[in-house]
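A, B, C and D are the chain letters, set down in written order, and residue numbers restart from 1 in every chain.
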Amino acid sequence: MIDVVLNIVLLLFLLTMAVSILFIRHLMAMAMLFGLYSLLTAALFLVLDAPDVAFTEAAVGTGISTVLMLATLAITGIHKEKRPKIHLPALLLCTLVGGLLVVISLDLPPLGDEQSPALQGVAKHYLEKGKEETGVPNVVTAVLASYRGFDTLGEVAVIFTGGVCVLMLLGHWRQKPSVKVKNKIRITSR
Amino acid sequence: MESVLDLVLGHFNYWAVIALLMIGLYGIIARQNLLKKLACLSIFQTGVFLLFISWGYRHDATVPILAEGFSRYANPLPQVLMLTAIVVGVATLAVGYALIVRIHKAYGSIEEDAILEKDQQEQE
Amino acid sequence: MLMSLHLAVLPILLPMIGAPLAALLGRSSWAWWITLIISIGQLLCFVAMLPVVLGGQPLDYSMGGWAIPWGIAYRVDALSLFMGLLIAAIAVLTCVYAKHSLRTDVDHEKLPYAYCCMQLCVMGLLGMVLTADIFNLFVFLEISSLATYGLVSLGKDRRALLAAFRYLVTGTLGATLFLIGVGLAYTATGTLNLEDMAQKFATSPHQRTIQGAFAFIFAGLVLKIAIFPLHLWLPTVYRFAPSAVAVLLAATATKVALYVLVRCQFGLFGQAISASHYLAELLLVGGVLAMLYCSYLALKEDDFKGLLAYSSLAHLGYMLGGMGLLSAKGLSASLMQLFAHTLAKGGLFMLAGIMVLSAGTSKISQLTGLAGRSPLLFLALVICGLSLVGVPGTVGFVGKWQLLDAALTQGRFGLVLAILASSLMALAYVWKILETAYSNPQSNMQLTVKPGWLMPLSMWSLTLGCLYFGFFSQWPWQLAQHAATVLWGSS
Amino acid sequence: MLLIVVIALILLTLALALARALLGPSLFDRILAVNMAGTKSVLLIALFAAWSGRMDLLDIALLYSLLNFLAVVAALRLIERGKHFAYLDKEEQ
């Protein structure tokens, strides 16, 4: 029972955070709220029995992501958002997609259902044979590193790509001052 | 009455997450501030992560780390998928932030409509 | 023998070595050579797989030796091979083209990183084509998208930055929608392998979930492919990206997303959703609207690259129309159209890059006198342009003819009319360019920078490809038919 | 029973911290609120570990407390340095 209550309360907190991130105009404060938001998400992951995901979300979402956002704010030095307008088409679209999702969700097996196909499928094999076949008691690790190790290689490639892209965008290139001035003119004159 | 309560309790997670998704989607489309767009994109992605983890949840079960005295474990596969997806999401966000820094350097603003206006003026 | 066992995964592994090397060595010429060698290696892999796959037996590869539903599997069938060959070939040509083109667009220090990103982009695309696991597909989708965001942002113009940012937001939104679809499909079946999933769909009690899954996968891919009306991000991206990147994007990226759509719609969800013909109507209507509206936009556009971008959007409409016919014939016509469009549009974007480089502008109105200044360039423009319109003797004609034939046999006269109308508009906008280029030979248009010989070389190979496959179209047409029947048999 | 009462109380204080983060008014209030919410979630995790009998979750509680500290320090440092944080702006000077 405790987990259900925790689940609902945390979700409500999360919704409050999301709404306030949407509406707050002070960007620095938004970054703080964003950190809180992912902290709550991580706690929620834990309540939903996913400690590894909670671990990652806490490190990556709360830590890196928030710090990156703060760093962006610190570099740009912009702290206020302009007053936003209500966007009717977007509102309409969201209602539509949300309605569609709610309709689909009624067909989904309820939370924690034993009979859901997801639990009967591949996952069952992982839980029953995982330790025997890979020798790792943490099934998530076993699947991540062995059964679906190629995804993890892809993940590494994604990080690498992201790093290369950020370097390409921000790396401080050795440029003599005169060249830099020329570059600036080139960038702004078109 | 009983069944309605069951339905609500069993699907509350999904609905809350759907609400999160829609808040994110609205922000992505409607907000002009690029940083806010990215934050909303992140909310949207986190919503999807929560959705997956909810699908992997199992009543009266424990975390999928095999141990003595436990026999029911949560579904590990969605967790594995989300581990990958979280990292992918952050890599994308990092590139997005880098782009914002560059855009700010080039235009002096991070409001989309202001930037477009500057481009318009330049063309005329 | 050992090599041939691992052929299916080699095109992915090669850039995993090549990309870090290119970035780390730090010399742009070395990076270029590495990229060239890797992409040629990829192409050779696909060529080596050709006889095996055409023998009728798809090539299977299980990652880490895990049996099919437990681990990640790769599968090369005729459709994957068709796409893989096309992408690898374009990647080689783009690499040849990029040597000179990127150097003029991108700061010298960034070049190795740019080549690294090109390799990663092609790796992602090939991974999407080869994999038989739907989540793995998502991962590779993200790799290729991330690499493209970086590449697009390299454009000289500062507007490239905003274009890249919008592309990033739209692309990530699309990928996340796709991910929701993957999750829904997973909850309905409990597996991630494409084939296993398709089988389990048939017996699953959660039919509404499956339809929802398809809806989200469809929506995500539509954003990625940039199908009208969700196309707004595409023209600016194509306009402001460096020329070589625009070639790569126009010729491969959206096509691969289209491939994924074809794969999901016919291979994966085939039975679950083909009962509803609403989808077919949706595709047809969307295709027709895209053809007409985007051709109209192309007519109005004054920027060469922008015009080509809108024309690409219109041509996506043809492919959607062919898919909407829901027949093997229609699908193979779509694939043929895809092949033809890749050749013609790749050639034209390369030409646009040369033009921008040597004339310093991409405005159509300033192309006056091109025919007098550079007759060869003009000739290539004529050939690719005619292929785009679909004049007999070019590969564009073969694609359009098959599509018309398929539409006629199924009595879809609306589609036929739309194709004809759109082709007429294509003729009009190609004519607009040609007329400008031919007029006023005494103009003072100046070709200041010589484009070297590598850029024209790759452009001419695509241009001659347009002609060659226009006369000898059996080879791609048979492969396309093969691919379509493979998919049709499995659904 | 005790567990339930404690969890309820912690949720209450978490809500208070969130309210402070939402209301502000100054940036430092918010940072403090984030720090406090972080501490609360560490406690929550520890309690959850006790309730479910999986003591391995305590590792995560430890990681949280570490991250919480680091994130707040990083945030404060970035705010302190403000616009002069990165080389990009040094170039412009």
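Heads up, the rule we're going with is that a contact is a pair of C-beta atoms (placed from the backbone, for glycine too) under 8 Å apart; a residue touches a chain by one contact, two chains touch by 3 or more.
Because the structure is predicted, anything quoted here is derived from the model rather than measured.
For chain pairs A-B and A-D, the one joined by more C-beta pairs in contact is A-B. Our note on geometry: subunit A versus subunit B, Cα centroid distance of 5 Å, whole angstroms.
Subunit A and subunit D have centres, each the mean of its CA atoms, that are 17 Å apart. One simple way to say how far apart two chains are is to compare their mean CA positions; for subunit A and subunit C this gives 29 Å. Of all residues in subunit A, those that touch two or more other chains are 51, 71, 73, 75, 101, 106, 108, 116, 118-119, 122-123, 126, 148, 151, 154-155, 158, 161-162, 165, 169-170, 187-188, 190. Multi-chain contact residues of subunit C (touching two or more other chains): 135, 139, 142, 146, 149-150, 153, 158-159, 186-187, 192.
Residues of subunit B found to touch two or more other chains are 25, 38, 55, 62-63, 65, 67, 77-78, 81, 84, 88, 91-92, 95, 99-102, 106. Chains that are in contact with each other form these pairs: A-B, A-C, A-D, B-C, B-D. For subunit B in complex with subunit D, the touching residues are 62-63, 65, 67, 69, 101, 105. Looking at the complex, you find that subunit A touches subunit B at residues 4, 7-8, 11-12, 14-15, 18-19, 21-22, 27, 30, 34, 37-38, 41, 44-45, 48-53, 56-57, 60-61, 64-65, 68-69, 71-73, 75-76, 78, 81-82, 84-87, 89-91, 93-95, 97-98, 101-102, 105-106, 108, 110-114, 116, 118-119, 122-123, 126-127, 130-131, 137-140, 142-144, 148, 151-152, 154-155, 158-159, 161-163, 165-166, 169-170, 187-188, 190. Residues 6-7, 9-27, 29-33, 35-36, 38-40, 42-43, 46, 49-50, 53-59, 61-67, 73-84, 86-88, 90-95, 97-102, 104, 106, 109-111, 114, 122 of subunit B are the ones touching subunit A in the complex.
By the touch criterion given at the top, residues 3-4, 7, 11, 14-15, 18, 21-22, 24, 27, 30-31, 33-34, 37-38, 41, 44-45, 48, 51-52, 56-57, 60, 63-64, 67-68, 70-71, 74-75, 78-79, 81-83, 85-89, 91 of subunit D touch subunit A in their complex.
Residue ranges of subunit D in contact with subunit B, taken from their complex: 52-54, 56-57, 86, 88.
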